[in-house]
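Naming follows writing order (A, B, C and D), and every chain is counted from residue 1.
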Amino acid sequence: MAAATITRKLPSLSGDLHHHQNPLEENPFFHPSNGFYITPSDVVLAQVVYDLSADSQPRVAYHRAGPRREILYEASAVKAAIVTCGGLCPGMNTVIRELVVGLWELYGVRQIYGIPAGYRGFYSMEPVELNPKLVHDWHKKGGTVLATSRGGFNLQKIVDAIQLNGYNQVYIIGGDGTLRGAVEIFKEVSRRKLEVGITGIPKTVDNDVGIIDRSFGFQTAVEMAQEAISAAHVEAQSAVNGIGLVKLMGRSTGHIALHSTLSNRDVDCCLIPEMSFYLEGKGGLFEFLEQRLKERGHAVLVVAEGAGQEMIPRSESQKQERDESGNAVFLDVGVWLKSALNEWWKREHPGELFTVKYIDPTYMIRAVPANATDNSYCTLLAHSAIHGVMAGYTGFVPGPINGNYAYIPLEEVAQTKNEVNTSDPKWAWVRSVANQPDFDKKF
Amino acid sequence: MAAATITRKLPSLSGDLHHHQNPLEENPFFHPSNGFYITPSDVVLAQVVYDLSADSQPRVAYHRAGPRREILYEASAVKAAIVTCGGLCPGMNTVIRELVVGLWELYGVRQIYGIPAGYRGFYSMEPVELNPKLVHDWHKKGGTVLATSRGGFNLQKIVDAIQLNGYNQVYIIGGDGTLRGAVEIFKEVSRRKLEVGITGIPKTVDNDVGIIDRSFGFQTAVEMAQEAISAAHVEAQSAVNGIGLVKLMGRSTGHIALHSTLSNRDVDCCLIPEMSFYLEGKGGLFEFLEQRLKERGHAVLVVAEGAGQEMIPRSESQKQERDESGNAVFLDVGVWLKSALNEWWKREHPGELFTVKYIDPTYMIRAVPANATDNSYCTLLAHSAIHGVMAGYTGFVPGPINGNYAYIPLEEVAQTKNEVNTSDPKWAWVRSVANQPDFDKKF
Amino acid sequence: MAAATITRKLPSLSGDLHHHQNPLEENPFFHPSNGFYITPSDVVLAQVVYDLSADSQPRVAYHRAGPRREILYEASAVKAAIVTCGGLCPGMNTVIRELVVGLWELYGVRQIYGIPAGYRGFYSMEPVELNPKLVHDWHKKGGTVLATSRGGFNLQKIVDAIQLNGYNQVYIIGGDGTLRGAVEIFKEVSRRKLEVGITGIPKTVDNDVGIIDRSFGFQTAVEMAQEAISAAHVEAQSAVNGIGLVKLMGRSTGHIALHSTLSNRDVDCCLIPEMSFYLEGKGGLFEFLEQRLKERGHAVLVVAEGAGQEMIPRSESQKQERDESGNAVFLDVGVWLKSALNEWWKREHPGELFTVKYIDPTYMIRAVPANATDNSYCTLLAHSAIHGVMAGYTGFVPGPINGNYAYIPLEEVAQTKNEVNTSDPKWAWVRSVANQPDFDKKF
Amino acid sequence: MAAATITRKLPSLSGDLHHHQNPLEENPFFHPSNGFYITPSDVVLAQVVYDLSADSQPRVAYHRAGPRREILYEASAVKAAIVTCGGLCPGMNTVIRELVVGLWELYGVRQIYGIPAGYRGFYSMEPVELNPKLVHDWHKKGGTVLATSRGGFNLQKIVDAIQLNGYNQVYIIGGDGTLRGAVEIFKEVSRRKLEVGITGIPKTVDNDVGIIDRSFGFQTAVEMAQEAISAAHVEAQSAVNGIGLVKLMGRSTGHIALHSTLSNRDVDCCLIPEMSFYLEGKGGLFEFLEQRLKERGHAVLVVAEGAGQEMIPRSESQKQERDESGNAVFLDVGVWLKSALNEWWKREHPGELFTVKYIDPTYMIRAVPANATDNSYCTLLAHSAIHGVMAGYTGFVPGPINGNYAYIPLEEVAQTKNEVNTSDPKWAWVRSVANQPDFDKKF
């Protein structure tokens, strides 16, 4: 094997800014040793699994994250803005805290502002001054102290506000919709020739953002989901023909459902958006459950919120309804499944005992503080973001690639989706554990 | 003050049975010391709070629970049945475990049977033989390994089964409906002149059984409810005009809601069945929330499932619907409140941000294993039950009264309800903490 | 039964102070209903368990805690001091928080000071001004934000400081030594004819204070101890001839060890200060463990820190050493037992595998935040204290008696010790569970 | 960049065995899709971070783990042995469980034996027959149900036992010493020309095994360590000049200490074996703590058990003492530091308050069940092991490399050590957070 390496280019601020020595150089605690600084030729490979017999593609690589010897900002000139958008995710407060502490202590920045309540906060609310003392224990709190909201993206108003307030670093923490907004902000800022570093920090408890290994908060969510599954298992076991049904987060991807099932050996069937399923007939869900109840007397089902959407009957008004992004609204697959299961049983086994206990732990999962693994992740992520912005990069996303922090063009991340690969051994393992049907009529 | 004491009489098995020395007498580990055994003159006072200026009533007392020097059963002749009925509650498995271990190790009983799936299990399923090795770690499991169900109460079939199988001790673990059934079993058994000791062990996560201090599992439930309230608080705080709404168990009483609110200082308003409330107008919930959102930007509501039932609009079919006991079915007060709140806001503040996050943690609360406090309680409770039955008492309930375990006539317990006393200082304290309205139009 | 009731007298401030209407009367949320206020004739009985055949003693009762219709202080004139002394205990911060919130919101007090670092803080440190906003989330923090220390009790300096600073309410949170100090302060304050209300709030994670049902933080400690015992059990089970040894808090009493053992069914032997034991010979600990290892391959020992102190060999210097109160210093019973066990095995079973894993979870137990049960307790306790002091009582302790909050003369509490009654059925149950020897050579 | 790839060769069983079709081919649930099977040309790159400007080395790759289309064993002929050696680590039971379930359900193996109590169990104890029902909930238990021990490695006796019992697959779960033993077993088995597949599964809570990303149980340990650090922080904060000192596992490497510090922002100083430190003088620990106490009033120290060993004074007997592997025994750095700190303070600040609270949570950390992340890891690890052995590989280790499971020659793993790279940015970040001295006198 011998193949060329292609490094993904990163946008950077134009050269009008002066180059400065990294203040870490003067830090009494660091003593940056040989090899401490990262250079533009330090890269992280994107692909690590190969079929050597069929390989000739060039290797894609990303610039490695970390401190640069030269930076583009003078500490006293930095005015940074931090904003959190979209739904809650464990670790948001840790990212904010570390951005503040890192900018302040490593680079000497003193003007750091929190934008309240998401994108709309740029143009409709007062920013909050942040400092290490204020954010001291935020990493122990769930949610986001800055508050968040969906929508409110008004490009011109936002960039006007950035310009007006003189922010020259903007840290945007949000999901795929937010990151697409960040791309537009980055472009508009460029159009206006503003020297503003823009970085997008992927926040998606569903883990549906591509290229990076996984998103922060995801491990905490999987951990918390165990409680709900265990409760469903207890409820199912304690009943006669008991079904425990747990709906987990995941609108377009089933990562939380998949990993929660893999971590917990009490799940009989895991339904995710990436795999279609059917209820009736041979190989269908009902047949499978019939069998499982006969063998064990109970069964546990985990369903990702985006699974089976196309099967849920919609009223006329639901057919018309669109969410803020113009997509058909999501219906509650758990409520639907619960009622479908009850109807099926009443039809097939009239008079026989049967119970479905449905648990929707969504808000109890996403509102908890990050666990140690995610706190560590968020810390390294925030510091990666700071080093990149200080070095003059913009329009980028920091994130772990094969275990190493790298910088990825924002636009590339915003266009990539991370779906469960149902032909991957992990999925096979889930099925082997559950002995669940693969709902594939072709067989 | 000087008042007579009246001790509540307990039914006991007729004298056809022979008296035996308590085998604890021969236990190598006990060496029952002076005062170890409980006699019929040992009592526990029911009332401990008095107004001395207005007191002349006789004092009610109950026989104290504990081992008697003489017992009515010979170990080899005992055939015990244990059954769990109704919904789940933390500690059910601990009670079962301790009944088995206590009967086996203290009294040498070797025939102990679990009746599966509630009352119907007596006449429709095979009993399960129980022993200390089998139940060894049950106290670490949530739910009930014996399984449970609602309904299935067929008096004649149950007593026939008791007679047919030769059970002479029956331990019935269940809530108020179950205990009323136990009274009927006790009476029918007496009518048939069967020498069968019947005891009812109150299991109600709602804590709605009277006379006893509190029911097992209740403390665990209050502990677990904190997680849901904290999550609701985080969701509310992280939003603009965010309301966190938590529905907690409690159909006719609000104990869990009340104690969860008292233990957790983030609740703004606690709604319980014992107190009516109203939404619109002066002093109503909406006005209160309007005010609270203005002051703090968010609010947390806790509502017991039985609160406000009379206010929820019912469809024609819901009006007809009756549950297994013939009562009007309960509607979901959380779902109704959420939608009422959204409508109110849209009407009063069109276009302004507002979010209600609704959490129903019911199954995640009731399916957990008992905590240490409840495990200890269940252990002492089960041993109290055993000592009472072995001594020949029947038709009774063991339970803590003012911190001491006592025996109470089953019929008395089955007729008493434990409601939150809204004129009690505890309730005043809840209101003082929340500064919540008292919804009392007369003021 | 017919017996007189004797109510324990409480000291109260002299009548120089004017009587005021309780401001709760004007509270928009309370609307004190009929029977809301507590009167001097409202009492709580101390004894609830009787042997009716042998009873003729008068009944002791205590004044019931709660708000009085008339109070002795005007809100604007109150200057309150709060101090925490001695070791950590879950719930200290909750008590402080509720004292502040209750004084502020119920009675309108605005001058509330925290004394830092225990008794010595009165005369050697600056007090901290407290208000509801500052203490808002203290009940979620372990330890004491005010800081604490042992010793530092200088009566004259403390009372001088009280006088100098004009404190007219002093809330002292501490253990038995601290309460004895509080008695002296109360007396000195009386001698100086200062109108200062003094209340002592018992803080003892060991639960060794008498008269009250139990002390705050105790339930949390028992809960946390389960983790250590479970770990010891796992270590023991995973080894060949494995002993898991856990030392729990309890210098003169074994309540935590006892209740932890009762709540957890994996303990083979529980050693407490109230019961002497011996190692060698028939009926000794080694014989018992020999037997248990043969049967099960492992064993779990729980030992209270004060157990077996008289058996531990002391060096000459240790014999001389005295703690701050002049008592012989405590030696580490866990370290000693571990080494004694290892020597015994090596002597009796040379070459055979054997492992003792010793866990001392003390600081991990006492530093956690209070659980829901204890938070609720601390809230009611603090409010009881406030109502009592505002009503003019002094030299008293608030606390639960048979489940009801009452006021007890401080001197009485300071002289009473709560020890484990080894002839109580609870202790019998512990032994029955463990089948442990009773170490009583007389048998 | 263009560089050749070198794939590390794996030993495999000689061709005397017949090739069989993978039974997954017939599994009703798998339907192995295109690309499901792994082929010998599927590899995982070892290195993913490059400096493109200085790179010309060939790339090392490892064979990817996963099911092969052809296997070397017939299910009915497999007799598998599983053994756990050394100290406890979260996840051991999950690995055992998954080995059993995977062999049984995926490959139809029915003869699976657990070797009790480590290496010595091969020749001195009865093996335990394992099946899916028996191991069903082992992944929820801490420790190892098979029991474990150190030492007992007798090569000839072990291989004799393997031969005698007819085991043809041996799964060895253990740390670096155990893996070196596994290498010898592998070699001896080869010498004897036995067709026995040997795989070593790295178990090291310290995470000190090289090449693989991290070892199982490590994340759980870091998670649990937070509790101890938080307790130490509370103790320190609640005292005057309070030091919280936590000793964490890590004899030759400081990974747990490092990651626990990174995940928790309350640590002031983290001491690990990879970095020497000193107490006295300029830039020493005492000076640092003096400063920190002055600024904050308290400080938290985390120390890995292997740190500072060379500084602890040894008695003559301690100098002689050697552990089972002939190394100098480890002394308790925590006990030594605590006493050194107390002496220092008494010397420098006689009469001033000062407290060191020392917590050693070792057994409470390592005895817990694996968390969800580690359970998932252990599941994939065990399945990787099975697939590799069934395919005929031997003398290998399965493990994650850059997030992908691969097979690594056992000998290579046994010779590699994973130490904290103190010139890595992670270490810099720890120091930046703590502002701790770098103890490097050269500066």
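As a convention for this text, contacts are C-beta pairs under 8 Å (C-beta built on N, C-alpha and C of every residue); 3 or more make two chains touch, one makes a residue touch a chain.
Small disclaimer: the values here were computed from a predicted structure and weren't measured.
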Shortest contact path, chain B to chain D, counted in steps: 2
Joint neighbours of chain C and chain B, given as chain labels: none
Per Cα centroids, the chain farthest from chain C: A
Inter-centroid spacing, chain B versus chain A (mean Cα positions, whole Å): 42
CA centroid of chain A to CA centroid of chain C, Å: 46
Geometric centre distance via CA averages, chain D-chain A, whole Å: 29
Multi-chain contact sites of chain D, meaning residues that touch two or more partners: none
Chains grouped in pairs wherever the two touch, ordered by label: A-B, A-D, B-C, C-D
Residue ranges of chain D in contact with chain A within the complex: 1-5, 7, 27, 29-36, 39, 41-45, 48-54, 59, 61, 64, 66-67, 97, 101-102, 105-106, 136-137, 139, 213, 219, 222-223, 225-226, 259-260, 262-265, 371-373, 375-376, 379-380, 383, 401-404, 423, 425-426, 428-429, 431-433, 435-438, 440, 443
Chain B residues touching chain A - in the complex, by the definition given at the top: 88, 116-117, 141-145, 147-149, 227-228, 230-232, 234-235, 237-240, 297, 353, 357-361, 363-364, 367-368
